[in-house]
Every structure is written in C-alpha cells, then in structure tokens.
C-alpha cells in the first residue's frame, strides 16, 4: 500500500501538450477516480503512473519514491485495461499466472496467489477456460484477478467497465467497491462516466483538456463545484444553465435577472467580491432544485416539450420564454397537465462569464 | 418467384459453360505434366494423341537419376527451403515487431528505405550480390550462398509489421506492467497470436525458396551443389536426355506443392493476398 | 509508447544487417559498377563506357523492344483475364467453387523450370500435343520455336498461364473486402449486375487493379526463365531475348559486370517510373 503523488506532471507529444502540470496527492488506501470527457488526458495520466508513457515534465512518486525512470514492473502497480487485455491463447489460470511465471516467481507462491485471487473473485471454476469462452463479466473478473495476483501497492483501472452492458456495469461497480474495502489498497480509476466516479470514489479528479478542473469528494463536487464545467459534468441529468445579468448588489450579495424574463430575479448571497451591475453571468440550477411555484426564491415560466416518466420521478424537458432548454425533476405524482408551468428556483449557482463560480 | 429463379438458373448455366472449358485449359499443362512423366520417351515423341497416364513413371525417374543426381538435388532443395523459411520468418517477424511496436530513433528512415526500394527489380542487386558472395566471401556452391542472401526479402517485414500493429496495445502493455521482458512478450504473447499470419508467411517463403531458379543457377552451378530446379534446368535443351525423366522431375517438384496448396489453401491465399493490402 | 531504442534495435538488427548487405548496398554498388569498365583489372572509372555502349547497342534495343512488347500485350490481357476469373469465382451462382479455384490457382505453386519444361514439350513442332490438337481440328501446325511471332506468343501464353491465377487471388481478396450491402443497395435501386461491376466493383477495386498491374509489369520486365528455357536462350535468333536474358548473358556468360549493371539500372529506371505512375494513379483525392 502506498500513496501516489503527482507533482506538476506534464505530457507533450511534440509541440502538443496533452497534460498541463497536474498536481494530485493520492493518500494511502484512497480510491481516486479521474473523470472527464474523452481526450481530457485522464488515460494518459494513468498510463504515466503505470510507466507505459514517458513523463515529459514533473515527477510521479509512488510510496514516496520518484518513479519517473522506473520500469512499469518495478513500480508496485497493477493495471486493469479497458479491453481486459486477456491473452486469448492462454487459459484463465495461465492468464493469471503469466506475469509471475515469466519473472521467475517461485511456483508455490504463484499458485497460492492465483488461488487466492480466484477465490476473491469467485472464478475458481473457470480456471481451465480460454477467454473466448467467458462472458463479459467473467473476463472482467479475470482481468482484475490478474491485477490482484501481483499484490500491488496501487491498482490502476483504465475504464474497466465501459465494455460491459448497463446491468453488468452496476454489478461490477459494486464488486470493485467491495474489493477496495477488502484489500484496502490505493486505487486509481479512470472513467468518462460521472455516475461511476460518484459511486466509487473517495475523491474525484475532474479533468478537461489536460487541466485539472477540481479535486474533491463526490458530494463536494456536486454541492460545491468550482466552475461551470464541473457543475455541468457532475450530476445527472446535468445542471441547467440559464443566462442572466446582475441588476443590483449590496454587501450580502447580488440580484440577478434571468435573460428575457424581467420578472424572474434571484437574490444570490456572495462572500467574495461581487461583479458589477450589468455584467453577464450564468445561473446554474440542478433539475432537482426546481420546486412548485412560489416555493423558492424566484419563479420561472417554461413551456414543456417532452415528459419522461421514470416511475418515482419524472423529468420535464422544457424551454424558457427566451428559448433556453431546461430539465426539471418532479415527483411522478406532481406532473402537470398544462403545456406551460411556473417552476420556482429553490437553489442556484452563479458563474461569471469565464465560467468561474461566484461565491 | 419462379421467373426469378429460372433467370438465375440460366445465368448459372451460362457461367458454368464458360468457366468449365477455361478451367480445363488451365489444368491441361499440369495434367500433361503427369501424363508425360508416365510415358516412355518413344511414346512422348510419337505422332498419336495420348491424354491418359501410362505406367512408366519409375523408369523415367531412373532415367532422370542417370542424367543428373536429382535425389541429391531434392535433398538440397528441401534443406535449403526449410532453413531459409525458418530463418526468414524469425528475422522478418522480429523486424516487423520492432517496426510495429516500438518508437525509436531512425524508425522512419528504416521504413522509408524498405518501402522505397521494394518495387526495384531483383535484377539490380544480382551482380553485386554475385560478386560479393562468389568473389569476396568465396561462398559459391555452398548452402550459405543459397540461404543467406535471399533473406533480404522485405515482404515478410511489411506483412508482420502489419499483423503486429493490428493487435491491441493493451495486451502487450498488460504484460509489460507485469514485468515480462520484451523478448518474452514477443515470444510468448505476440508470436502465438500471430500464428495464422506466420503460417501464411512461411508457406509463401517456402514456395519462393523451393522454386527459386535464377540465384541458385548463378551461385551454385557445380554438380553436387545444385538445387532441384537448377539440376532439372540443366537437362532442358540437351540432346540425348530423357524427356520422360525431366517430366518425372517436374512432377516431383510440383505435386508436393500442389498437395500443400490444397491442404493449406486458406493460408496460401492469405499470404498472396496480403501483398495487396499493405 | 515509450522510446525504446535499444530494445527496438535488438529486434531489428539481424534483419537490418542482411537487408543492408544483400539489398541496400548492392543497389548502390550496382549503380557504381555501371560507371566502371570491368573488363580490365583493376576496374577503372569510365562513366561513358557502359552507358555509351548501351545507347548504341542493337542487342540492347532488341531486348528492350521485346520486353516492352511482351509487357504491352501480355500484362493487360492477363489482368483482364484475372479480373474475369475473380469475378466469376466470386459469383454466388457458382457450384463446386473449390475445383475451379484449384484449376486457376494451382499454377501459382508451379516452379518456372517445371512449367517451362512442360510447355516446351506441349508446343514442340511434330510431337507437341498442341500442334496435334490443332491438326486434329483441321488447322495447320505452328512452328512455335523457329519463328519470332509464334515464339513471342508462346512466351506470353506461358507467363499468362503461370500468373493469371496469382493476380486473380489478389483481385478476389480485394472484391471480398467490398461490403455486401453496397451491392444490395444497388440491386434495390435496380442497377444491373453489369453496371454494378463497372460502377461499383471497378472503382472500388482500382487500387488493387493498379497494384496487380504494377506487380505484373515489374515481374514481366525481369522475364528470364521462360525465354531461357522454353525458347532456348531467347531464340529464334534473339527473337525472344529480354532484358533479363541480356543481363544474364552479359553479366554471367561474358562476365561483363559493368555493362550488365547498366542494363540492370535501365530496368530499375523503368520500375521507378512505373511505381511513380502507380502512386499518381492511386493518390488520395482531396
């Protein structure tokens, strides 16, 4: 078990910089998830920790030791790949033991480790099968088993669930959570799926275009996003963004008018410096933070396009008079029958025109 | 429906009526090779039309062996072709692996030289190769002369490079993370996965070596060091030579390859077609 | 990928060594030899010696003419034939496909010497099966070996027989990589099979057709064994002498390496020109 420290880590392909000086402190035994849209550099970052990519700048330390020039095998890591990367010409048992056999690990110890991993993942009956004869979930278990066998200080997961169907994905997610509890090992996990990040992580690192946007526990990212990108990325359905303008300010906060709706004004308390009157801002409202008319600070009139019923709750896909799309979450019992409704805003976030959170 | 199927039937009949004679013409030389190899010389050179095999193959074979040591030549051919194939598959797959799987200094230059010179005619290197092997290295009429120079062939490199680069990266990275040395990854992961491609390559290389004529003709012209095609070629055009014997030799060169072709047709065709899909 | 110079070169080195010694260096060396007078000891640098002789050598022009003649007639006929074979072998209406494939593809494994011998026997004047068959249907015998035109025809027939199936294999593989639904869509649009061939198959197959053509041209350009063995060293009277044969005679019968290298580089120049045409023909359209 070991902490992982990234100190100003950068990756360049020629003149093209894909990771710009990342600083991350992963504590011993922590489960950290790198999340972001494709091309944000999250996989590159993981592969640099693994030693599969050269580090163009900065330092990576595992267990307090700088590993920039250490071979992947000597970093004390094990990795689970998106494609599982099982050797198709070997049985499950051979897959699990291959690395240890090839590096001259004593046979008795190899057998012990393979047996233990198989028990942890409940794949003991599959040991003689070839990967082709396994289901997606079983392959995933073998891939994780191959990592466990190495008894690493750090587990690295590169989008391990993205090739599974929805149901299996949930199941394996729980499985990985259980594994983390059982082993207590540091885990670094890469995904583009914010739900996975929210459910698995002790802390989430949100990345965009090679920059770290925010690091924090899942709920903190949800409740207290630093910027427009994080606010929009965390939470499902995503936060609604409505254009607005500052129309007044005092010591405690600002008054915001929503574009095209002079009557809808929101008072937003701010502790920092408030922007000047007249400056453009963006108001973020989560679908679950809309209430019935009169319940909140301000009322918003919207026309409903489509209603999605999910059983307990429903989502209203609607449009403001100014033409901005909004999604509103409602109890199924409270779905309106009129094509136009008034919804109140119970809670909102304010962002300046550069996308930074105003607090 | 019935009009559709009757139109299909008509088309099908026309297709077979055209293709069958063409196929028979194409098979004719091979058939005649077998027929000639079983006929006595005075039968081959007689005015009648003979289209069916006789029973003189063994006599012809004895005549051939009298004209030249064909059995010895066949043994040389087999040994050379096997050695060449093993070496060439090994060398070209190693090179293909390096080009497909590593980033390294000078890679672009190596690829450019291989691709840029691949369409140059073999005739261009014939003379320097001959001078080098025969005069500088003094290796004429040896097995080394037959096996080593033709190893330059870069088709295998391109074919294996293509094959290896189509394999998923993760597979090799997984092994790397586990501390498996690169040559073991090549040997125990990459090569087993490339088995069908290696088979296709091996067949094509074996055939090329087995049938190679010009280079062995130039470099190993001494009796006792000739390959089978060269030994057979020396007889063609001589007077007082058994043509039934020559045909028996031709059959011995051809029929084993035809059997291999039938048995391993899929690999064979993959090997030939691969040239076009690079 | 990480930079792995040492590892890469360890894998590459054995092949690279052979490739440099027996391919790259000879290409350079051959070029230099073509500028040397090689019939004196030691060889001396004489740039005009071989090339000057080449330009005025009727034997060279005869060989060049014959080679080009074979190229111009044999290659297009063979590619067209290979195309026909490939299309018909690809037809879903064909029964006993394996037998037909065997018939057309089998020559691919037959060695040059073996088939040259058979063709010599089959086409011999008095006892050859071909003339006997011509006679039996009332046609006159043809003297395939003593007259230039039939001798050239014989060479072309032999080469076509040996290589048409080879090209058909490549073309067939190309055809099978064209997705089936393109044809299904065309059939639904009532496009006839013939039009599908000309407007779908041929354009999509163009790079493969060009590849086959270039391969065949470069192969035929080096033609050696067939005129060497079938028409007896390029007979009658040099009537089927090719550049390959001229190179052989100059280089290895007269041991005139300098002149033979000049002949070789003439072939190389032709090959380069043809490859450039290929690149131009198959260039990516914007």
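Read from first to last, the chains carry the letters A, B and C; within each, the first residue is number 1.
Keep this in mind: contacts are C-beta pairs under 8 Å (C-beta built on N, C-alpha and C of every residue); 3 or more make two chains touch, one makes a residue touch a chain.
Keep in mind it's a predicted model, so treat the numbers as computed, not measured.
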**OP:** Give the identifier of the chain nearest to the protein's overall CA centre, each chain being represented by its own CA mean.
**Re:** B
**OP:** With contacts defined as at the top, give the pair, B-C or A-B, that has more of them.
**Re:** B-C
**OP:** Quick one: report the Å distance separating subunit A from subunit C, using the average Cα coordinate of each chain.
**Re:** 60
Subject >> Centre distance in Å when subunit B and subunit C are each reduced to the mean of their C-alpha atoms >> reply: 16
Original post:
For subunit A and subunit B, what's the span in angstrom between their mean Cα positions?
Top reply: 56
Subject >> Interface hub residues of subunit C, defined as touching at least two other chains >> reply: 1-3
Subject >> Per-residue overlap in subunit A, given as positions that touch at least 2 other chains >> reply: 51-52
Subject >> Interfacial residue positions of subunit B with respect to subunit A in the complex >> reply: 168, 170-171, 173-181, 184, 188-189, 192-193
Original post:
In the complex of these two chains, what residues of subunit C are touching subunit B?
Top reply: 1-5, 7-12, 14-16, 18-19, 21-27, 29-30, 33, 85, 88, 91, 93-95, 99-122, 126-127, 129, 132-133, 136, 161, 165-166, 169-170, 172-174, 177, 208, 211-212, 214-215, 218, 221-222, 224-225, 229, 232, 243-244, 247-248, 251-252, 257, 260-261, 264-265, 267-268, 271-272, 274-275
Original post:
Which of the residues in subunit B end up touching subunit C in this complex?
Top reply: 8, 11-12, 15-16, 18-19, 22-24, 26-27, 29-30, 32-33, 36, 44-47, 49, 51, 91-92, 94-95, 97-99, 101-105, 107, 110, 113-114, 117, 119-132, 148-152, 154, 157, 182-183, 186, 207, 210-211, 213-214, 218, 229-230, 232-233, 236-237, 243, 246-247, 249-251, 253-254, 257-258, 260-262, 265, 268-269, 272-273, 275-277
Subject >> Residue ranges of subunit A touching subunit B (in the complex, touch as defined) >> reply: 47, 50-52, 71-74, 77-79, 81-85, 87-89, 98-100, 102-103, 146, 150
